[in-house]
Amino acid sequence: MTVKKLQVGMAGLGRVGKLHAVNFLQKTPRAQLVAAFTPDPAEIAWGRVNLEPHGVTLYTNYDEMLKHPGLQAVAIGTATSVHAEETIKAIEQDLHVLCEKPLSTDVEVCRAVVQAAKKKPHLKVMCGFSRRFDDSYRDAYAKMEQGLIGRPAIIRSQTCDKFDPSGFYVEYAAWSGGVFVDMSVHDIDLSLWFFGDEVLPKSISAHGITAVQPELKKYNDYDNAVGIVEFWNGKIAYYYCSRMMAAGQEDTTEIIGTEGKLTVNGNPQRNFVNLYHNGGITREIPHNFMGRFSPAFVQEANDFTAACLDNTPLPMKLTNAVKAVEIGSYLQEALVSGKQIHFDEIGRRIEKAQL
Amino acid sequence: MTVKKLQVGMAGLGRVGKLHAVNFLQKTPRAQLVAAFTPDPAEIAWGRVNLEPHGVTLYTNYDEMLKHPGLQAVAIGTATSVHAEETIKAIEQDLHVLCEKPLSTDVEVCRAVVQAAKKKPHLKVMCGFSRRFDDSYRDAYAKMEQGLIGRPAIIRSQTCDKFDPSGFYVEYAAWSGGVFVDMSVHDIDLSLWFFGDEVLPKSISAHGITAVQPELKKYNDYDNAVGIVEFWNGKIAYYYCSRMMAAGQEDTTEIIGTEGKLTVNGNPQRNFVNLYHNGGITREIPHNFMGRFSPAFVQEANDFTAACLDNTPLPMKLTNAVKAVEIGSYLQEALVSGKQIHFDEIGRRIEKAQL
Amino acid sequence: MTVKKLQVGMAGLGRVGKLHAVNFLQKTPRAQLVAAFTPDPAEIAWGRVNLEPHGVTLYTNYDEMLKHPGLQAVAIGTATSVHAEETIKAIEQDLHVLCEKPLSTDVEVCRAVVQAAKKKPHLKVMCGFSRRFDDSYRDAYAKMEQGLIGRPAIIRSQTCDKFDPSGFYVEYAAWSGGVFVDMSVHDIDLSLWFFGDEVLPKSISAHGITAVQPELKKYNDYDNAVGIVEFWNGKIAYYYCSRMMAAGQEDTTEIIGTEGKLTVNGNPQRNFVNLYHNGGITREIPHNFMGRFSPAFVQEANDFTAACLDNTPLPMKLTNAVKAVEIGSYLQEALVSGKQIHFDEIGRRIEKAQL
Amino acid sequence: MTVKKLQVGMAGLGRVGKLHAVNFLQKTPRAQLVAAFTPDPAEIAWGRVNLEPHGVTLYTNYDEMLKHPGLQAVAIGTATSVHAEETIKAIEQDLHVLCEKPLSTDVEVCRAVVQAAKKKPHLKVMCGFSRRFDDSYRDAYAKMEQGLIGRPAIIRSQTCDKFDPSGFYVEYAAWSGGVFVDMSVHDIDLSLWFFGDEVLPKSISAHGITAVQPELKKYNDYDNAVGIVEFWNGKIAYYYCSRMMAAGQEDTTEIIGTEGKLTVNGNPQRNFVNLYHNGGITREIPHNFMGRFSPAFVQEANDFTAACLDNTPLPMKLTNAVKAVEIGSYLQEALVSGKQIHFDEIGRRIEKAQL
């Protein structure tokens, strides 16, 4: 008896798409990458060299890839603007889907994906929040579940990228949904994970600045922002996102409970090397998310594959992906409007006049 | 020629008062503690044993202590409610004053002290924000001034105390001014130091919970709170204060600039010992501010003494002490009201109707 | 054109053998595990479940596996006592070999393997010292090569395992070659790497104790030992090996140069989680070499595969593997005899009478 | 009743002498510095400015200082060569003595001091090993005594100074007794403390190099040395001393027990500041022993004073100071001779012929 492997097609071969493609091709023993789609000639060229020799069929038309013989699952790593449409199409073709975060920057569009998925409960449809697959976050969660910090009450979480002087992130802001939707959505998702996805926001505040990229203002966006989400039942999460870090990527989370605290990546480091020199002791830190989360992406591909093959539960609900974008959008609104936003105990927004 | 020492009187011999008294008595070579006042019999008894044998005259009447022959300066470590009155009386007697923070929890009362001090510009009147005298904060400030982090844009600062199960802090909340005035005032003062005391708030938000001491609600106070102060000219400070820490005191500050970041106490530790045991590697952290800031209090006493004797500038302006309380009060108001507070470019509050 | 993969056979499916087998099967994209040998029925059973379904042919006879059609390379993870014989047999069959360390605990036997390999210079024959493939060690080496620490002069390196109460290591001592050959051989190899493999020992001292396993004495072995190797040209390496660690595995290396120092794993940690609790701050550390060096084993399999397929140089000379065992044996001799051992400038041992 | 203060005279006002003088003058509340001796005109000049105004009488003749009215104790911080003579003279004058380490680099001379002290058991005679007064070492000792690491078996301890390019240490080597006596004597003393002062050496090995100061060879000394002392009853201490550190002072100690490990200063740091910059995260470390051990020297002055005034035991036996020098001398001999040194179970040296 030979092992049956999940037949996977990859949509998109950009930065994250390449990562997923290689993971499914080489680092996911139970999966077989059989197809890949990209409309981009440069990406196709990359696929010719790196995928085709391994038996991967390349497509420049997404719909055609979906008809690839024997295809069972699609991983979507295209531009955010087509995530939702591609996910829905794949669901309609009865394919499992692993879609990069976010489903959409528009909450209503996210909900449409959830609706489509609901109709096919036998399919595994997951939005890839990579930190859910990170060994350290999983260990922190397990320790919290063991009661080591009592009842979790406060989460501080930040997504802070190394400064990219290319100007890429200015134009990106035109359609990214804003820093809270683009960056903090990870931290929001972590809050839903550690606080429990039933938590409901009570009030939301946010403030931001453009410290190094004033051009962002034309898109109502910021390069540094701080936001607070107070949840009903006495919990607070506060977030910092920045694209200005000098040293590298600093994605740090604290979960503060009534009897202890867990930190994840409180002391960033690239590896186990320290250099003692005339000016002190220096260690490097990762320059980007790949340096920190590569193994999590591999784990994600493996866990998704296992869930599809074994029909086991996915590690996160698709509705959480919507909720994270929703809270991110509220934070962005609070940021731009300069107003605190309030919600009642069943999650309905309270308008200003009612306050 | 013998050395001339500053003749100091101590008001208050409670926890902080004892600390100041011992510092002036034994750890401030250029000062001589000659008098101490406290209305409390237990504190007087402590003074009989610990101060009187060293030539310190004890008083149970503050006004009388002010008349102690040769007295040049007063250190005030009594209850906050009498700080302002005692400071003004000492100024009127032509005495230098080192007053524990805050001058008052009431901004108007703080201003009265500043007015009194203004009339006697030859006197040194200082409100003791101990972190200004801490070696690490001073080193961080020097590094920022050297341009090592570019232009500072974001400050994250927290004052987090070990949980005190005695219930003390519930009753204390009745008159403490609230957690932001009582605890975060240190972090606010640091913001004024690192951002420059000319910064003006633009908008303020705050959220809080009572995670372990629900009784605080009767005083409109919280045991965990998060606040954001956005300043004009593109700067943000955000604060976390908590009385719930399990491990000990965690007073951490980050100053994030356009080209780097400075952290102070990102890795709290009590000393240089690590214990490797069956469960991993453990280090202890200080249980209270004494374990972290004792040397800063000694430095403060010495710096204050030097300023009085040599007529050199104090390391901080008295008006800053007022501004820190003022911002703390705004944070507390934002916390209790659930509303964001706004200010115009010259610091005047903008009322809701105007927004 | 499809990708040509290196056809690999695995000898031995014990602890390390399983690790190599899985790495070649699933984590080495350019290799294909096609065969596996073990005389052990339990290991065969494991292979039936974990290897056979992936198309791996199982053998209980090593010689027969060597005749597997198309086989190009063998990885050897059997007991140390048969490493050399199996390596030589594979070489004779014109197969590339990756042999687990050490080739043998007997220096003469090691040399025989080197002789066999010399006759077939087209073959890649490597002894797997995993730390050579570890990202942190490679980064440290690169930094040293960049001149960041000046001229390296002192190496401190330790291999310290978590205490194993099972008693396994007592019986193991009967044939392990002693702690310096078994454990410190890694640290010695690192010294040859960082100092350059031309270094010659000048004098060697060693001391040991049996702190937790006095039964080791019957095999002239120790559970904690410290040794010093002084090299000609002013270099010293000193080693500590222990099987007594409470917290987990602590493999730490320092390379101290005339202008700086590099540390590798000076602060062991299992992941990025820290737990703040009533007793302080705790982080866990790996319990065994897998927790620290798993990725290095994967890298080793990939690098070995690339060298075989592309005919590129291996990252280490086979003669180094002999030299490491040789120095380990001298340390063991110095340990047991209580005598310092000396060598002349061309590496010949100087007998006591000559001193 | 006024407090009675210990009347102290200081011998020597060089680097360490100044430190002691200031500590007794300003940081030892129960002591009063009343006299100071130095034959050096520059040091006398310093004393005129810094001591005389505080009522300290300056002497250029040691014997005369000993006759200072009311003198009760002498602190000796002169050149090592006169430590013993001055200590004995003070004892003869019925004065308590705190003598800087070492009493002498000559073991016989050390013993003479012990003999002199024995005759006056009412006097407190202490050799100042500053680490005994360091808060972290004391905490580590307390944790060991609580049984947190089981039975201590291995000590690794290093004294590593920042490189001093002035050449001072070359000439200093002429009379320092060699690096093991000069530097490692601290680590040896720590071993006697943590293992218990009854431990007897069983065998000793040492190796050294001159990596940056080849001129040291003319004095048979080294700038980097590693030594091992095996004690009877299954304990080993190993030491590294260096004058070549680039980053600053790295005095690190590990105490490894059967059930755990304690590290002291495994992660050196100057203060609580970390700088995040384009090249990673950097912290500074102390440049010299003052940056690490200043508070220990203050503690030493206070503890010595308390022992004299209250007639309480000193924290260490004077005989330990001899034993530390003795073991240091053996290490130095092993280093220079290239021979391992052996001892029988009652501490008698075993000559080579007997082996």
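We just call them A, B, C and D in the order they show up, numbering each chain from 1.
In this text, a residue touches a chain if its C-beta (ideal position, glycine included) is under 8 Å from a C-beta of that chain, and two chains touch if they have at least 3 such contacts.
It should be emphasised that the depicted structure is a prediction, and the values quoted were computed from it without experimental measurement.
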Set of chains adjacent to chain A and to chain B: C, D
Chain whose Cα centroid lies at the greatest distance from that of chain B: C
Distance between the centres, which are taken as Cα means, of chain D and chain B, whole angstrom: 39
Length of the line joining the C-alpha centres of chain B and chain C, rounded to whole Å: 57
Junction residues of chain B, two or more chains touched: 149, 245-247, 259-261, 266-267, 270, 276-278
Chain C-facing residues of chain D, complex: 149-151, 153-154, 156, 203, 205-212, 224, 226, 228, 230, 234-236, 238, 240, 242, 244-247, 256-261, 266-267, 338-340, 342, 355
Complex contacts: residues of chain C adjacent to chain A: 1-3, 25-27, 29, 53-55, 135-136, 139-140, 143, 148-149, 259-267, 270-278
Interfacial residue positions of chain D with respect to chain A in the complex: 245-248, 250, 268-270, 276-285
